[in-house]
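Got a structure for you, written out below as C-alpha cells; questions coming shortly.
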Amino acid sequence: MKSNINQSGSQNMATSGGSGQVAENEWLDNSVPVTAPTKHRRLPNPGGFLGFILVFFWLVMAVIGPMIAPHDVNGLVSDSFFGPISSQYPLGTDYLGRDILSRLLHGAPYTIGIALLATSLACMSGVVLGLVAAASGGWIDALISRVQDAMIAIPNKIFALIMVASFGSSVPLLIVMAAIAYMPGCYRIARALAVNVMTMDYVLAARTRGEGLAYIIFIEVLPNMLRPVLTDFGLRFVYVVLLLSAMSFLGLGVQPPDADWGSLVRENIQGLGIGAPAVLAPAVAIATLTMGVNLLIDSLGGRAKR
Amino acid sequence: MNEIVKVSGLRVAARTDEGVDLPIVHGVDFSLKQGEVLALIGESGSGKTTIALSLMGYARSGCRIVGGSVRIGDVDVLQLSDAELANLRGCRVAYIAQSAAAAFNPSKRIMDQVIESAMIHGTASRQQAQAKAVELFRALALPDPENIGARYPHQVSGGQLQRLMAAMALITDPALVILDEPTTALDVTTQIEVLRAFKQVVRERGTTAVYVSHDLAVVAQMADRIVVLRDGQIQENSPTEQLLAAPAHPYTRRLLAAMKPAAASRASARVEPVEQEKPLLEVRDLEVCYGKQVKVLHGIDLQVRRGTTVGVIGESGSGKTTLARAVAGMVAPSAGRILLDGQPLSGTLAGRTREQFRRVQYVFQNADTALNPKHSIEDILARPLRFYHGMKGKRQRERVAELLDLVQLPASIAQRRPGELSGGQKQRINLARALAAEPDLILCDEVTSALDTVVGAAILKLMADLRRELNVSYLFISHDINTVRAICDEVVVMYSGAKVEQGERSTFRAPPYHPYTNLLIDSVPEMHQGWLEETQAGRGVPPRIGVSANAEGICPFLARCPVRIDGKCNTTPPPRVRLDKGNEILCHHRDIELLQLEESVPVAAAG
Amino acid sequence: MNSTIARLVIGRLGIGVITLVIVSMVVFFLTSLLPGDAVQEQLGQAATPEAVAALRAHFGLDQPLWQRYLHWASGLITGNPGISMVNGLQVGDMISNRLPKSLSLAAVTSLVSVPVALTIGILSAMFRGSAFDRYTNMLTVFAVSVPEFLIATIAVLIFAVKLGWLSALSRTVDVHSFGEMLSVYAMPVMTLCCVLIAQMARMTRAAVIDQLSSPYVEMALLKGARPMRVVLRHALPNAVGPIVNAVALSLSYLLGGVVIVESIFNYPGVATLMVNGVVTRDMPLVQACVMLFCLGFLVLVLIADICAIVSNPRLRK
C-alpha cells in the first residue's frame, strides 16, 4: 500500500472550518443557464434600486419638468451673474442671471427626449435589419453586414461632426444623426442574437411546419431576444446622451435659444473658476441620468458584452 | 480494514434563486477499500457528480457542502483550508471529467496539461513527469505516445482526449481517482477502447477509484461494488455480482429492467404490411453536400412503409441527422429524390405545400431547445392545430387536452412553460406537437438519448402504443442498437454517410453482418461482468494493405476494417450485395467469410 | 506562421480595404448632399452668379458627383486631399502640422491607460466579488457614465484654478523639460484616461470572467491549481482575443474622445482642426480629417483581429 495517505494526516492542522469550497465558488461563478425560468427574481441590489429611482425621477422630469419650473426659462430674473444657491434660486443663476433650476427643467425634455427618440430609432431599425439579415442569410446578410461594418468604422463623434458640418444642427438632425450613429451597434447585437436563436430547434420546428418568415421572426425569435435587446437599449441610451451633450458642449448640438444640459454647461463654463452651481448642476444632472441607467442595467445582470 | 475513503452523513445543498437552501444530497455514507473500484450510478439529477466532487472538497457554484465528513486516509477533507484542499486535489485525489473536450484548455499543449498537477505539487521533475506521461500514454494504448503530448487538444479525437485525461489524473499516483461519466460522450465503438484502456491501468496499478455513470452495463465491467443513487439518497449498495444477479431494492430492479428495452417492448406486434403497397416514403440515391465539396451522404436508398418503423443507426457524424433533415426539407439534397406516397417532395422548404409539411413531422433530439421557452405548452400544441386544421376556441382547447392525454400528461400542464417541465415531460410535449398535425410519418432524431433510461423506456413504449393506435410510421434515428432493435421493423446502418447494411429487425440478432455492423453490435456493453474481457470488438488490428487508390466510392470503413482485403477493398468500390438472410450490405465479402468473422479476427496484443 | 493564418490575415486586410472604400463613399456623398455649399456661404447672398460659378469651377464643384468622388479619392491616396475652402491652404499641410501633436497625445494616453486598465480588469476578475472588485466597479461605472467634458472641467477646476499647478490651456509650442511636458499633457491625458481605463477594465474583466466559468478552469482547480495560477496560466491565454478586441474598441473610442478633449484644452491637434472645419463648413478639411480618423479606427480593429487570429490555438500547427 502506498503511504501518501498517512503523510496527509500529519499535514492536517485543522485550521479553517471547512468553508474552502464556498470562497472558491464565489469567484468561479458558473452562471445560470440562459433558458432557466426567471420567475422569481432576486431583490435588486442597492445600486440597482438607486439606479431605478434616478431613471424614474428623470423620466418624470422630462415630462413635467417644464411645467413645474419656478421661473421663466429665458427671463433675466436676477441681477447677479453666477449667483449662488439660494432659496429663491435653488440652483443659482447663470451668466445672464437666469434661474438655473428652470433652465435645467426645461432642458430635460431636450436631453432625455432627443436621446430616447434617437435610441428607439436606432434600436428598432437595428433590430429589424438584424432580424432580416439573420433570417435571410446569404448575400442579403452579407450586404447589410458589410455596410453596417463600414458605418461602425466611423467613430460616432466624428460621424456627428460630419452630419452637422453638412446639414447644420437642428433637433431633427440630431435625432437622425444619433440614430444612424448607434444603429450599427444595435444591428450587430440583434443579428448575433437572432442568428443564435435561429439555430434553436424550435425555430427549425416552425420551419418544418411550413411557417412563414413573419411568424418565425415575430412569434418564435423576437420574444427570445427581448431581454438582451432592452439591456442594449439602456446602454445605448447612455451613449447617446453623452454624445449629444458633447455636441452641445462644443456648440454644435441644440441651438439657442433652446438649451439642453450640454448647452447649459457650455454657456456657463466661465463660471467654473468661481465654482458656480450654474455649470456644475447641469453636468451633475447628466451624470446622474447616465449613471442611473448604468446601475439599473448592471443590477439586471444582462449587460451585453460590447 | 484498509478503508481508504470513508464518507459519512454527507449533505450538500443548492441555493435557489430565492436564497433558500435546497438539499440535493441527503446524508450519504459509503466507503472504499484500497484498490477497490466503486461505482455511483443513478439518473441525471440523482447527485452522482455532486457526491464525486465532494470527495475533493469541491462544490459547484451555487452548491454548498453542509454536513458530514469525507475521510481520505486519516484526513477529513471537509475540514481542510483552501490551501490544504489545493494540496490534496490533483495530488492525492484526481478527477477525470465527463467531457474531456471541454475540460482541456484549448490553448495549451497536451503534455503541459497532463503533467501540470505533478508540477504544481512538486511530485516529480519536469523530465521525470514527462517520461511518466509517455509511459502512461503507452499503457493507455494511445497512438504515437512519444509525440502526442506536443499536440493541442483540438488535434486529437474525443476518445483519445478521454484517455489523455486519465493520464493526467494518474500522473501523481493519486490514492483515489474519480471518473465522472468518462465514456458517456463517446460512440460505443470508441467507448470500448477507452474502457479497456482504463481497466488495464486500473488493474495494473491497483488504483482505488470512484466511477460515476448512468450506464449499468458499463459499470458492470469496471466496478467491484455499486452504489445506486436516487434523489441524493443511496438506494442500494452491493457488490457488483450480487447487484446484477439479485437486485435488492425495487428501484434497482426497475433500472435493470429499463436497461433491457428489447425485453420491455418486444410486445409491440409488428404490423404486417400489405404486399405490393406503395411505400409511404421513398428515398432514392440521396446525396447531400454541406458547402461545396463536403459530401456527407452518398447514394442513400430507403423505404418506409405505412405503419412501420425504420431505424437508422450509426456513430456520431455518420449523417443520420442529415438524412432526417433532408427528408424534412431542412437541407437541400444535391442529388436524388424523395417521394412521399409516390409524389416527389421538393428538396427545399419553400417548394413544399402545407399538406406535405403536415404529413411529415420532425421530433428533435433535444427537447430543451425544441420547445420555445417563451411559449406556454398550450400555445405550442395549439399552433399546429390552427395552422394545419384551422381549429379555434373551444375545439382547440379540447384537442390540446386530448393530445396531452395521448402522451399521458395531465391537462393542468397546459398553462406551464417548457422551463417548468422535466426532460421526459418535455419530450412528450415534443411528440404531442408532432401528433397534433396528424402526420403520416414522424422523423424521430435521437428522441431518447438525452433522457434517463427509465424515462426513455417509457417514451419508447408510448411511441410504440401510438403507432398502433394511430397507424403512423416512424423514421427512428438512434446511436443505440438495442433501442433500434427493440422498436424498429427494419434497420439501416450508416457509416460515414453511406448505407452499409439494411435488413429486417430479426436479422440483427445473429451474424453474418457487415464488418462495421459487427463492430457496432459487439461494442455494446452487456450487463454481465467479464463482458469486456470476452468481447472481440475493437481488438483486431486491420491487416496490412497497400496505399488506397484515391477513387471515389471506395469503402468508407476501410481504415478501421479488420477484414479488409488488400488489392480489392483499397482499389475498387464495394458492391451492394444481398446476404442469404435478406440483408443488403456494402462490402466485398460474402456470407461465409462474414460468418467466420467472429472467430477469424486476428487478435492483436492487448488493445 | 502557417497558411491558414496567413489566409485569414489576408482576408481581414481585404475586408479592411473594402470597408475603407465604403466609408470614403459614405463620407463623400454625405458631405456633398446639401446644395448650399461653402462657396455660396463664402461669397454671401449678394454674389453674382458668375462669381459663384467661377469659384465653383475653381474647386471643381461643377463636375458630376462621381467624378468629384474619384478625383477626391485618388487625391487622398496620393496624399493630396485638396484645398481648404476657407483659407486656400493645402489641407494636407494643415493636417500634417497638427498630426504629430494628436498622435503624441494618443500615444501617451494609450501608454498610460492600457497597462493600468489591464491590471485593474484582471485583478478585479481574479478577486471577483471582493471589496476591491466592488469599489473598482463603482468607480468604473462612474467614469463611463460621466461626460468627458465634465471630467475635463473638474480637472481644470482643481489643478489649474484651485491648485494652480497646471495651466488650463495647452501650449505645445516647444517642450523642453519633463515638467513642461507634464504641464502640457497632464490634463488632456488624465481626462482621456479616466474614461478609457474604465471602459477597458470593464471589458477585460468580463472577458476573463467569461473564461473562468469554463470547464477547463474547474479542471485546473481540481488539479490543485491556486486561483492565481488558474487566472494567469489558464484563463488569460484564452482571453487574449477578447481582451485585444476590448483594447482596440476602447482605443478607437479615444479617437472620438480627443475631439472633446482637444477642444476643451485648446490643444492644437487634428481634432481641433476638424471642429473648426465643421464650424466654418470647410468640407475638404472635414472630409480629410474624417478619413484620417476612420483609417485610425480600421487599423486598430485590424490589429485586434490579427491578434485574435494569431492567438487562436485552433489555428496553430
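Read from first to last, the chains carry the letters A, B and C; within each, the first residue is number 1.
Keep this in mind: contacts are C-beta pairs under 8 Å (C-beta built on N, C-alpha and C of every residue); 3 or more make two chains touch, one makes a residue touch a chain.
Everything numeric in this text was worked out from a predicted model, so none of it was measured.
Colleague: How is the touch graph of the chains shaped: line, ring, star, complete or other?
Modeller: Shape of the chain contacts: complete, all pairs touching.
Colleague: Select, from B-C and A-B, the pair of chains that is joined by more C-beta pairs in contact.
Modeller: A-B
Colleague: Among all other chains, pick the one whose mean CA position is farthest from the mean CA position of chain B.
Modeller: When every chain centre is compared against chain B, the largest gap points to C.
Colleague: Calculate how many whole Å lie between the centre of chain A and the centre of chain C, each centre taken as the average of the chain's C-alpha atoms.
Modeller: Spacing between the chain centres: roughly 21 Å.
Colleague: Just how far, in Å, is the C-alpha centre of chain C from the one of chain B?
Modeller: Using C-alpha averages as centres, the distance is 51 Å.
Colleague: What whole-number Å value describes the gap between the mean CA coordinates of chain A and chain B?
Modeller: The answer is 46 Å.
Colleague: Going by the contact rule already set, what residues in chain A reach two or more other chains?
Modeller: Counting only residues that touch two or more other chains, chain A contributes 24, 26, 28-30.
Colleague: On chain B, where are the residues touching two or more other chains?
Modeller: Touching at least two other chains: 58, 60, 87-88, 91.
Colleague: Hunt down the residues of chain C that sit against at least two other chains at once, touch-wise.
Modeller: Residues 218, 221 of chain C each touch two or more of the other chains.
Colleague: Could you please specify the touching residues of chain B with respect to chain C in the complex?
Modeller: 53, 56, 58, 60, 83, 86-91, 94-95, 97, 99, 102-108, 116-117, 120-121, 152, 154, 168
Colleague: Where on chain A is chain B touching in the complex?
Modeller: 1-2, 4-6, 8-9, 11-18, 20-26, 28-30, 35-37, 40-42, 200-202, 204-205, 207-211, 220, 223-224
Colleague: Considering only the defined contacts, which chain C positions touch chain B in the complex?
Modeller: 214-216, 218-226, 229, 233-234, 237-238, 311, 313-314, 316
Colleague: Name, in rising order, each residue of chain A that touches chain C in their complex.
Modeller: For this pair, the touching residues of chain A are 24, 26-31, 47, 146-147, 149-151, 153-158, 161-167, 238, 242, 245-246, 249-252, 262, 265, 269, 272-273, 275, 279, 283, 286-287, 290-291, 293-295, 298, 303, 305-306.
Colleague: State the interface residues of chain C toward chain A in the complex, per the touch definition above.
Modeller: Interface residues on the chain C side: 15, 18-20, 22-23, 26-27, 30-34, 126-129, 137-138, 141-142, 144-150, 153, 156-157, 161, 203, 206-207, 209-210, 212-213, 217-218, 221, 227, 242, 249, 252-253, 255-257, 259-260, 263, 274-275, 277-279, 281, 283, 286-287, 289-290, 293-294, 297-298, 301.
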